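Should a chain be cited, it is by its letter among A, B, C and D, assigned in written order, with residues numbered from 1 in that chain.
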Amino acid sequence: MNELELQALLPFMVLAASSLVVILLIAFRLSHTVIQISGFMMMCLTVICMWLVRDTLPREIPPLLVIDGFAAFTTGLIVFVVLAVGLFSYIYFEEREENPKEYYILLFLATLGAAVLTVSKHFISLFIGLEILSISLYGLIGYLRNRNNAVEAGLKYLMLAALTSAFLLFGMALVYLETGSMDFAVIGRHVQSSGFSVLMILGIGILLVAVGFKLAFVPFHLWAADVYQGAPPPVTAFIATASKIGVFSVLLRFGQSLGLQNEQLLQGIFSFIAIASMIVGNLLALRQQNIKRLLAYSSIAHFGYLLVAFLPGNDNGETAALFYLLSYSVTLLCAFGIITIMSGTKQDAESVSFYQGLFWKQPILAVVLSVAMLSLAGIPLTAGFPAKFMVLASGVEDSRWIPVLVLVATSVIGLYYYLRVIGILFEKPEEETAATKVLHPFFYYATYTSLTVLMLAICWLGLFPGNVIDGIRQLLQLE
Amino acid sequence: MILIWLIILQLGAGILSWLLSKRDNRLAAGIALTAVIACLLLTIQLFARFRPSFAGGGQWLMEYRADWIPAFGISFHLALDGLSLAMLLLTFFLGALAVLCSWKEIRQRAGFFYFNLLWTLAGITGVFLAIDLFLFYFFWEVMLIPMFFLIYIWGDTRRRYAAIKFFLFTQAGGLLMLLSILAMVIIHAGQAGRYSFDYADLLNTTLSPGTAKLIMGGYLLAFAIKLPVVPFHNWLPDAHGEAPTAGSLILAGLLLKTGAYGIIRFVITMFPEAAASVSWWAMLAGVIGIIYGAFLAYGQTDLKRLIAYTSVSHMGFVMLGAFSFSEMAMQGVVMQLLTHGISTGALFAIAGMLKERLHTRELGRMGGMWTTMPRMGGIAMLFTMASLGLPMLGNFIAEFFILMGAFQASVPLTVIASTGLVFAALYSLRMVQKVFLGPPSVENITFDLDARELVVLGALSVSIVLLGLFPQPVFDMITNVIRNLNHTYE
Amino acid sequence: MMSIQVSAVLIVAAILFVLGFIGVLTRKNILFMLISVEIMLNAAGLAFVAASAKWQQADGQVMFLFILAMAAAEVSVGLALVLQIYHQYKTLDIEKLNALKDE
Amino acid sequence: MNNLLAYIPAFPLLGFLVLSIAGRKMSKNLVALTGAGTICISAIISLVIAAGFISSPPTEGFISTSVWHWFTLSDFIVNIGLRADALSVVFIFIITFVGALIHIYSAEFMRHDEDYARFFASMNLFVCSMLLLVLADNLVLLYLGWEGVGLCSYLLIGFWFKEPTNNHAANKAFLITRIGDTAMLIGLFLIFHNLRTLNIQEILLLAPQNFSTGSSEITLIALLLLAGGMGKSAQVPLQTWLPDAMAGPSPVSALIHAATMVTAGVYLVARMNAVFALSPLAMSIVAVVGAVTLLLAGCSAMVQSDIKRILAYSTISQIGYMFLALGVGAWTAAIFHFFTHAFFKALLFLAAGVIIESLHHEHNIFRMGGLKKSMPVVFVTFLAGAAALAALPLVTAGFFSKDPILWYAFSSEKGNAWLWMTALLGAFLTAFYTTRLMIVVFWGEAKTAIGHHPGKAMIIPLIILAILSVTAGFVEWPHNMIHLTLFSDLLHQQLPEVALKPDLPAESLFQLIAALTTFAGIALGYMLYYRKTYLATSWLQSPSVAGVHNLFKSGWGFDHFYRAVFVQPFLFITRINRTDFFDRIYDGIASLNIQLNRFLSLSQNGSLRWYVVGVLAGALFIITLQLLL
């Protein structure tokens, strides 16, 4: 391993170090605020490192990792998500007066896992990243063990994740058995030379079960709503964004190296999964009264949309997918930010009716949430629109009419429940409930500011996606 | 540059009136009114400036272009021709009146109301000006959201249902249009080697007849839902019925017109052969709309729903005219857009004023209003007559031209459509009779129009009469546009 | 040493895997479910070992070590959760854990 | 003279604008002055023009002016252009002159109505529209006037809108005429489709060049135009609105539903004579429609008891005569009958108005009676009008105008004995019901006390009209009597002369038969209602007579027929479809989605083992798919 490779790995090392830092800080019995701030600093440091080492990219670190523009983008996105999640976590836990310190260890570990996924080009690193992510998530989900059925959610996630991990491993083993290598590129070459054998396809199919589970594709989606509901909102935000970004990016990389989309059968499976996810996700959300479950179902649908961009397996599709991930993450952070900030000391702000008339009480929050919902629905002026537009464009370009038409139809169904939520925000408020908050004003304002910034980011992405698209294309070295 | 100012002015004024509304509702309304009137004056000035050049010259009177998303060949491209100018005049005229209508009706959260109103208008302005298809779609959707809020927040009892229904219907069509746009862009990219969403570029795309038909279908469906064409009209009575007065006025007066505008600007221009191949069916849809809308209008017991169904009927004429491929009918269509905007807008304004006074939309609870409100009765009579196509008033010119033009294309359809005039008389007279005639009920004793309402209705009355007696300026404005259309389908 | 067909090992692994899966499906007790998952993981590990034997590489064995480590970590977290569950629900019947669901 | 033309409709329009905008604030005197004054000015201007036409006819036969340019579409140019030729001059003279008299009458008649200004505004607008109708140089403008008069008719029938029946009558009038109007509009499209113009003169010029005689297109055009005329002029089968239209104030009935608007159909057919002349079939249909109408309406008039309904049916019948004349090509005879009819029918309506007003709004003739003594002026004038209506030979205008029609119905190339006999029967009926009306109202004993007597403003128009009802016929004598044909001389500038059959019997014979028929009718009326009044009542005892009586009284059951065939089904459809059938479809889609949602929600039951089954299902799906393919 030479110096340049080490340099390229620097951000990931910082990321790994951040959990150690937190452990140390806990050992020194420092306060939540200090931990929070230092965690924030560590994440910023990661970003700075990424900036510093940008010239060394792209760089392979054989045999496990490759750090390229794609990885830089997704890792950056994950770190960005974690920055926001950290902020929400502070408010959430400060309000609950729980002991939140170890939480940050898990959070940063999970981040590391997701980040490793984005750079892995080998089954081993894939597996390691995925397990770091998963095992941290079990802890995160069940962290508030006495509330909200968190333990139940944690156990459900654990059991299913372990189960699907077994599928993942078995699939990997089959592929390894066929090709004699666990490196994506080598497998890809093998496929090019001798095509997909039955065992190979079987292996990939089984492997997909695990991926499908993590991304909550239909029919592996059943856990999503329960876990989203049971986990603390910041963790839910993390699961919905960072964890899925990591897994989706490895899927993209894997698909890209093997040319999965060229295989008729796999293509059919992907199309089917995409269609089923879009339909089932949106239909499930239709009458949902719990906003966390609603977002869970909506995320099922959204990853169905993403698969439409994945299907063509070309550069435009990839660009579209990355842009979609970006806009989706920003949007979901907004939504979960609101849920976090609205959650009281006793109960999470889960029920949709809780938000009734929010606009007339706290207009800023309501506007942020409305913008987020509109963005999820893919309405212009928000990030969701160019994202959906690009996904559609890549689908249309590849003449994948059935998924595209399903996308359109289900978007309309989806619009219904987003509008329902927005509508409730603008209803006449019920009588004033005295919501007293004793938070450090700085964090209070910081959250408001960050939510506003996120909202502006949504609008900016919606209005001027050009720069970001160009940026993504540069990172992918398409130009 | 002035084109972009028209949009920015409204967007800005919208935000301003929202922010300032905490202090004073009137201030918010004042800002809104000032902005819209400023836009109206700007547009009138444009009209005066370009009036000599309507007849000749290139396609566009004015253009503004800036890069937006270069990676996809998307630019911020606005352009003005006679058709857009006519529609803009209508937009700002009705916009100003919509603000005036809301002056007293909206007491709560007025700032946010005017914000939505202005943003809707800005979206509509954008739709009429955009000639980059991405931008067009963008504005197409942008005008929906604030409209949704207008209905959802300030609407009547069934407002939630109506608002969501409205949004879902239009969105369904919109997304199909987006697909069509994308398909077209990608085919064009295959031919020209680069992405472009520009109208002028896409016009030159060569499509196989089958593809052209499919792609056109997407556009047509979107516009047909907006127009609306039976059987895609179901959002309209609910949305119109439940919306606040200004909302109904803008919905009926302007939003529907964007559908017609789209048909003229995109469907017929970009897919002349495909449009011609379905023209008979489209005309049939128009005719069905005329008759079916009239039947439903007659059956209603709710004043605003009744007026809403008359729109379905009147927009059937637009469909009939647009697809008859005759210059005369096309002139009539544009005229119909203007006059229907004015006449139906006026009827909605009247319905709103009645609702302010009686707190009901039920026809059964009205009656004899002419006795207590002679001024309103007279004006209502005028617009009823406009709606049933009485000569002297603009609607007649429009429908006359449409029918006369369509007659060249299909005699049977035109004859059936003409019977729509009889049905129009049926529902119009029933409406007037139920509301204004008959014995006055004691509870209906109320006051006649005040000065503000008189200004609103007076302006509408004068304009509908002027359009009926001096329609030529409008025809001059659009002749060139329609000639260009003719070239494409000859 | 008797050479064993790779395919035979693979079949054994597959059988183990399916058995584990059946265990997960049929068992109501959380502990037994965890054990069944362990069986599945080990079945996968066995497949890896077989594969690496086929290619005469160490990669498969390395992977098996990772699997063991991961299984241990998973079980430790899992058992912690089981403790909590028993603490709260006084049962280990998975069917009793259904507070989170659609109404 | 050209310049004056535009002022004729302009003054009533001005009156309308002033009254509709400021009318409510003006005093009643000022309103009356504005309303009647503007019409009087118009009347004077039209008198000047008419005098000009008679004294020094313009060289081209017409005067014209273009007020402004309405619209142009490539070669289709339409102006707000007025054009007065002899035909139009006759009409504008009647419209303004009779109109002015009726306005003066109304100034007093409507004095106590709270909506005085609205009345005059509508009346002025009516006069303006009617003038535009007859002065229009193109069919679009004509159609404008055509619909305008329809609107005013609607407004004035429903003038007392607090009474729902009045509104129904108004709606009915508007709708039924609208049916005809729509047909006419389609006719216009057809004309434009073939000739590329809607200018009347150009059409008249081009039609013979473009169509062969009797071609189906020209027949269709003519029939469509005729349908418009039938609607406006209340000809069978679109006649049912006119009797109900009597719900309006009496001056309205006099002006709109007797003298002017209902004759618009006559004007249209006469105006488009070249078109009709090209289609023998259409001409025969015009004649038959007229003949049928005059008979049916005459029968109905015999049995009505409402004084205004009697007059209304009589109007329908008389217009039937005009159509008959038009149909046989006797253009000038038709117009001449219009000319005299305007006077005597307006007179009858105005006089009826006076009677009704004096008798506390009593419409039933059988509750009147004995008015000869108590209202002598009204009696005399009414008598003059009734005599003209019954066409009392030589002393009334009605004779001079109706006699040629009877004659031409037989003698014209297009006429035949059937038409003549129908017309003759109609004349008999006319004489009969006129006599009945006179006797029942003016003789016998008074059954209702008289309220107030009419003032000067009401009496003077009656007297003027009465004089005209007697004398107006003298401008045109039958050929075999005195050779004085001022009227047809004037009109022959514009309208073709009648083509007669060869070898006709002597005209005098026909005149004699007609006169005898009239007297027979009068005699029968006198018998039944003066001498042997018990006869009529005893006949009515028998069911067959009573059945016929009721059939006649209900206007031959047209109303019932239309109600059953058109109105009820329409109402039924609108009622059952009130909630919009298509909404059900979308509701269905929505509820389908909700059902699917419910169904899918079942899968989210919180059971982990069930979720494992989900994973299994997914895995099995993928694997089996692979194994199968």
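Please note the rule applied: a residue touches a chain if its C-beta (ideal position, glycine included) is under 8 Å from a C-beta of that chain, and two chains touch if they have at least 3 such contacts.
Protein identities per chain, from UniProt: A = NADH-quinone oxidoreductase subunit N; B = NADH dehydrogenase; C = NADH-quinone oxidoreductase subunit K; D = NADH-quinone oxidoreductase subunit L.
Values in this document were obtained by computation on a predicted structure and should not be read as measured data.
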Greatest separation from subunit B - chain, by CA centre: C
Distance from subunit C to subunit B - Cα centre to Cα centre, in angstrom: 64
Rounded Å distance between subunit A and subunit C, as computed from the means of their C-alpha atoms: 26
Euclidean distance of C-alpha centroids - subunit B vs subunit D, Å: 38
Centre distance in Å when subunit C and subunit D are each reduced to the mean of their C-alpha atoms: 96
Subunit B: positions in contact with at least two other chains: none
For subunit C, residues contacting two or more additional chains: 21, 24, 97-103
Junction residues of subunit D - those touching two or more other chains: 601, 604, 606, 608, 612
All chain pairs that touch each other: A-B, A-C, A-D, B-D, C-D
Complex contact set, residues of subunit D against subunit A: 593-594, 596-598, 600-601, 603-604, 606, 608, 610-612, 614-615, 617-619, 621-623, 625-626, 629
Of subunit B, residues touching subunit D in the complex: 165, 230-231, 233-234, 237, 295-296, 298-301, 327-328, 331, 368, 370-371, 374, 378, 381, 385, 390-392, 396-397, 400-401, 403-404, 407-408, 414-415, 418-419, 421-422, 425-426, 429-430, 433, 436-440, 469-472, 475
Residue numbers on subunit D that touch subunit C, as the complex places them: 601-602, 604-609, 612-613, 616
Footprint of subunit B on subunit D - complex, ascending: 20, 24, 68-74, 76, 80, 115, 118, 140, 143-144, 146-148, 151, 154-155, 158, 161-164, 167, 170-171, 174-175, 178-179, 181-182, 185-186, 188-190, 192-193, 570, 573-575, 577-578, 580, 582-583, 585-586
Residue ranges of subunit C touching subunit D (in the complex, touch as defined): 21, 24-25, 28, 94-95, 97-103
